[in-house]
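Below is one structure. I have some questions about it.
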Amino acid sequence: MITEPASARDHAEVSALVREVAATTFTSEKVRAAAATALGFDEVAWKQLVDLGWPSLALDPAIGGAGMGTFVQCLVHRELGARLAPSPYLASAGLASGALVLLGDDRATDLLASLGAGTRTAALVLGHGRGWPTDDGPAGLTATETPAGWIVDGRAELVLDGARADVLVVVARTADAWGLFEVDARIGAVSRTPAATVDATRALADLQLTAAPARCLRSRPVTTDEVSGLVDRMAVPLAAEMAGAAVACLEQTLEYLRTRHQFGRPIGSFQALKHRCADVAVALTVAQEMVFAAAEMVDAGDVAGLRIAGPLLLARSAEVFLHAAEEAIQLHGGVGFTDEVDVGLYYKRALVDGELLAPVADAYARLDLVRAEGAA
Amino acid sequence: MTTSPTASTSPAPGGTATLLGHHVLGPELPAVPYDHPFRAEFRGWLQQHPLGPEPLEQDARIAHRRAWHRELAADGWVGLHWPVEHGGRGADALTQFMYYEELALAGAPEPANTPGLILLGPTLMVHGTEELKKRFLPGILAGDEAWCQGFSEPDAGSDLAAVRTRAELVGDEWVVNGQKIWTTFGQYADLVFVLCRTTPGSERHRGLSLLVVPADQPGVTIRAIKQISGDEEFCEVFLDDARAPRDWVVGEVGQGWAAAMTLFQFERGDQGYTDHARMLVRLAGVERRLAESETAGLVSSVRAATARARHRDLWVRIQGLRLLNYRGAVLATSGEGLGAVGSMTNLVWGELEKELGAAVAEAVGACGLRAGRHDTHERLHTRAASIYSGTSEIQRNIIAERLLGLPR
Amino acid sequence: MTTSPTASTSPAPGGTATLLGHHVLGPELPAVPYDHPFRAEFRGWLQQHPLGPEPLEQDARIAHRRAWHRELAADGWVGLHWPVEHGGRGADALTQFMYYEELALAGAPEPANTPGLILLGPTLMVHGTEELKKRFLPGILAGDEAWCQGFSEPDAGSDLAAVRTRAELVGDEWVVNGQKIWTTFGQYADLVFVLCRTTPGSERHRGLSLLVVPADQPGVTIRAIKQISGDEEFCEVFLDDARAPRDWVVGEVGQGWAAAMTLFQFERGDQGYTDHARMLVRLAGVERRLAESETAGLVSSVRAATARARHRDLWVRIQGLRLLNYRGAVLATSGEGLGAVGSMTNLVWGELEKELGAAVAEAVGACGLRAGRHDTHERLHTRAASIYSGTSEIQRNIIAERLLGLPR
Amino acid sequence: MITEPASARDHAEVSALVREVAATTFTSEKVRAAAATALGFDEVAWKQLVDLGWPSLALDPAIGGAGMGTFVQCLVHRELGARLAPSPYLASAGLASGALVLLGDDRATDLLASLGAGTRTAALVLGHGRGWPTDDGPAGLTATETPAGWIVDGRAELVLDGARADVLVVVARTADAWGLFEVDARIGAVSRTPAATVDATRALADLQLTAAPARCLRSRPVTTDEVSGLVDRMAVPLAAEMAGAAVACLEQTLEYLRTRHQFGRPIGSFQALKHRCADVAVALTVAQEMVFAAAEMVDAGDVAGLRIAGPLLLARSAEVFLHAAEEAIQLHGGVGFTDEVDVGLYYKRALVDGELLAPVADAYARLDLVRAEGAA
């Protein structure tokens, strides 16, 4: 068996339960079928996750949450990632809810509660685009206060769950800073175009907002540093999904290597293949530890730690996942590049996950910047 | 949807084609100089025969390539390395090297029907009877009959000698039963060359024969395998009492392994000539597109810098491949075989191809995720490169054991 | 000769030591916070005990480390993880983790005599008799008796169970014959712990015993092996009728393999705590030196940029090692063993160590070629890291077979 | 056997002869002994090379050369590199003679003839330092024309054979361009300090010239482009030595892997080790082809080709050599990092050769520059 993150040891039972549910709910057949539907997810499976209370695992009991923290929620992300679950979970319970917890004030409570209860789903739309914002960088989404209330304008591309979410949680540029807004996703002012990508298990969309009425979810303005902190925070659940997927990829490869025979031996007995699996295993063990160490920082409110850990784990998880998927294809040989086994799906997921929040090069550039600040 | 230029470098048909300059290929090599008369002649022809961009959809893509094959063939620009008696020009390997470089600089695809042109045709010339040569060679050259290869089998994988497909002589016909896999473009083929066991009970390399089996018959079922790229480039071929005429054997009955080995020599000796040039042309396109993406804000300057370092690394490695190919051509011209250098070019090529495919898609940032684009497709498509023509692992085994003399 | 700063970060003795800030280590980890009272206490002591730069010459270097060991021991700062009854503080693994981090931030070497402190001492506590514990533990802690390890043999290499050294009981003494190799700092040792075959004719893991053999006797010849770095860190130990008292057996006679395995657990469980911190401190030094080299024109800006990308990569990987070490400490604190994670840390450490060594020398450009410099020495020295404590290849085998369940 | 460069096939006999001579003249014992002497070379062996006519292989028959071209001379460089020969050959016959052929005019003929005849040895001193010069870059050595003739001033570090050569062939900055000069190395105006480095088989020295009288070897000034061309040209023999050394390194490793047994098998039968050797073999086969393709360019006077090939093959040869040496140490296991086998000597040679003319990063930067010019 591949090493579990040692940090997750105290939650072994939760972890085992989550794994079992994910494995039966998101089999390869179900995942492929759900991804092929119009909205790209399995409504029944989603209801089941809601019934289990998973969307509110990390939320405060005061608003109906389980109060178990981001650490435990990341166990769920990891297993959903492992199954390539086509689910609103990452966008709604991971990204949008996380943004509301981090940046929202009491105006956000109702929305947060409904996301936790699963009565609505949300997509997070970052107005600065991908990567970390700068004070003077471009902003695709701007918010303007009018006598009739706030309106948001602009364009955002490749937004996770952008076309299927009920609500958009929007970070948009205001006159002097940034703001956090709720926009009803179903109104005419929001034009949503599903974006077909290589990975059908992630539902991306291009959004165009034209004077879309918005509700402000926090009275104080949001600083650029806080938006950066949000990106750091978002990296954690995404990286948890990537780490889980990478482990699953390796596990499927190991299974193949143990059973497939060639030249009269199981091909897993060939040393060169073993060594490559060992290298993947080491890399993903480390990546998992990074993810769960960062989840601990989230739960401890350690913003300074996350400034480094966020870009670090995002970059490493993306690299490790992609590498694991590439090796999985190669080590499967001929069937590896066909659609008959799942490793290709993991590869395509790795491509999409690697762009979702920030590409690896940008994450490392951010890391360099933050480290230089720390050294100065 | 954000648009960005698609991958084709070909102009629309009609006018004159723009050919890339030789500098794209790297430094001049003495035996194939850039001012060689052959290059000038072929460039002249290519300039007058522009072709449209290659379609993304597979059937259309194959049709496009077959049309191009016929266009080339009509003026005698296919099978240059074939002897004059069989319709070629008897060109040596160095001419062939220049031919493929110029094709690449024109942004043109290779002729379709490579299994016939590169593999079966030349193998027929060595091992085939006069009758078989007369029957099949003209159709290969003209592009009228498409061929595919029936070698690999489901349980054999990289172990080719584990062939289980068998053929039995019943009257004047071979009756063939078995299953083949990884047959490139089997669904478009008219004829299959099948390695099968004709001596019952024989083992490994003995008792095999190389038969020519018509594809269009009830006993042959060809099922395409869907790839992660969405392509169906490879097929399974099911042979259930498939028939082949008694005389359609390439080489002696029972000597199929020798014919297959001849054929593999051609595989490594020819396709190698073209790949570096096509890669260099693609890389030049990637470099151009990256600059456009940076200007358009599709990629950050940091990401662009990272990509540039990678492109430089790719360029360096492709130059290495080019030199291996070049030396292969020089060796071939003097009548020598490639030996284990074939495994080297194959290994270098397969690994490069994957990385180049990834670089193509990454040059447009997140746009490279969007379905229905050449660049997106290319990244997925090239994942097979280090597997399908002998995995990189098999090539490393061969190099280590045959070239370096390490114990098995 | 162009000069550039040498590698030591230690101030001259006398005043107060400057300790590097915790930010050098990376983000804070919950169980070992930077404001932990233990850290404050130890930092206070370290600040009052500055030490001079480590000499390059090996004998002087070892003397320097032994002096430092004694200075630490005098105030009870050696063997913190040892039980109070044996002179330690009974500190848990997390305290040990912080201890090593702080030592590194002070630019201080580890205590000398690690074979005794880390390996033999704790193994004695598990398997040793009361007499042996009383006889040996105090000298280990104080740094008065130095130990070395006699495990590997010339023809066994990575295959430890192929031990051929044998011992025979003659009267009240073991008479030991055989040869050991790769014995770290054997030439400075007072005592050798020797894994040898005490059951004649036994094979592999059976019939072995772990004996304590005094080094200073006619039957023991220790020959240093010159390394490519010029160091003589490893030795051959020739045992020709070497004598050891009958009772100097760690564990039962014939149960030496069990004792050896216990010892290996300690090797992986302890040294791991220190290495990431020392690496991070060295890397911070490399980053500073590179900036100086660029300013001084010793390296071009392009070369500096390439080096910086590599330093970042190293930093990221050391953070990974740090997390592995941290988790190891957390596991150990709750009484669990490391299992195959030990092989992971070992693999990651060995590969990193080599690259860091190279980065140290390259940060000063061509000056890193000149003999007699710490940076030059470090590059050569670290080449052994992925070999001597179990090669990277062996670690990968272990991970693949034991952790991943791949067939042998 | 490892692949010979296919380009060298026509010279198989010369190659075999050279190999045989090198193998007997420069055994491990002799090399170690010679490197330990004060001047760091074997005088008898050098006389033998001179008697064989090797220093003048590439020179014009008109001045006593064999007229066989740089290609054939690179076969010698390769074999001397393979044996780590401590010899004046690279500095005198490779670098200094090459510089005289490329940049000198008839004033240089006498010196060239004496270097070819082996009556004197020379070291090449590049006044711009390592790497490729720029018009406005710093110059460590300057030449001034005085009424009494030219004098050269300045400092040069880590000059190959700087302390043991009879003559210095100096490229120094003049008022308006560069010039090529001969300086007697034995005069008081030239202070020579042997520089001990990790590799005793290369004799490096730091030089200080103080108003050193100099003879101008070419009437026209030398342009910066021409100095760059000289660096390109120098890369060829150096890379030939590196490629040869890399091959030797791999061959010694293969021999060890075939004979050393562990776990009851020759360790060369372990697939992971095989694959790593295969990767090294591919890389050095390619590097060798690059070297000999460039040697062909030298003989064809293809300056444009060399502008690209020079930095390319310098960078690749250095990388491949270092990689081969690192793998050799690792694959030898315990003995690999001891002084008892030779692989450590190759590693140290790789470190020095990799800095001698230009470090890898600078060579690649030069390649980028030249390629960008070509594309423009």
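For reference, chains read A, B, C and D in written order, and residue numbers begin at 1 within each chain.
To be clear about the criterion, contacts are C-beta pairs under 8 Å (C-beta built on N, C-alpha and C of every residue); 3 or more make two chains touch, one makes a residue touch a chain.
Computed from a prediction, not measured in an experiment: that's the story for all the values here.
K.L.:
What is the graph distance from chain B to chain C, where chains are linked when they touch?
P.N.:
Tracing touching chains, the least step count from chain B to chain C comes to 2.
K.L.:
What's the farthest chain from chain B if centres are computed as the mean of the Cα atoms?
P.N.:
Farthest from chain B by mean C-alpha position: C.
K.L.:
Quick check: how many Å separate the C-alpha centres of chain B and chain D?
P.N.:
Whole-Å distance between the two chain centres: 40.
K.L.:
List, in ascending order, every residue of chain D touching at least 2 other chains.
P.N.:
Expected reply: 270-275, 364.
K.L.:
Which residues of chain B are in contact with two or more other chains?
P.N.:
In chain B, 393, 396 touch at least two other chains.
K.L.:
Looking at which chains touch which, would you call it a line, ring, star, complete or other?
P.N.:
Shape of the chain contacts: other, as it matches none of the listed patterns.
K.L.:
Taking the complex as given, what residues does chain A use to touch chain D?
P.N.:
270-275
K.L.:
Touching chain C in the complex: which residues of chain A?
P.N.:
Residues 1-3, 5-7, 9, 250, 254, 257-258, 265-266, 268-269, 271, 273-275, 277-279, 281-282, 285-287, 289-290, 293, 296-297, 300, 302, 304-306, 308-309, 312, 315-316, 364, 367-368, 371, 374-375.
K.L.:
For the complex, which residues does chain D have touching chain C?
P.N.:
Residues 130-131, 138, 157-158, 193, 195-199, 204, 206, 262-263, 270, 272-273, 326, 329-330, 333-334, 336-340, 344-345, 347-348, 351-352, 355, 359, 361-362, 364-365 of chain D touch chain C in their complex.
K.L.:
Could you pull out which chain B residues touch chain D in their complex?
P.N.:
Chain B residues touching chain D: 23, 26-30, 284, 287, 312, 315-316, 319-321, 323-324, 326-328, 330-331, 339-341, 344, 347-348, 393, 395-397, 399-401, 403-408.
K.L.:
Under the stated contact criterion, what part of chain B meets chain A in this complex?
P.N.:
Contacts found on chain B: 1-2, 152, 157-159, 181-182, 225-229, 234, 297, 299-300, 302-303, 305-307, 354, 361, 365-366, 368-372, 376, 379-380, 383-384, 386-388, 391-393, 396.
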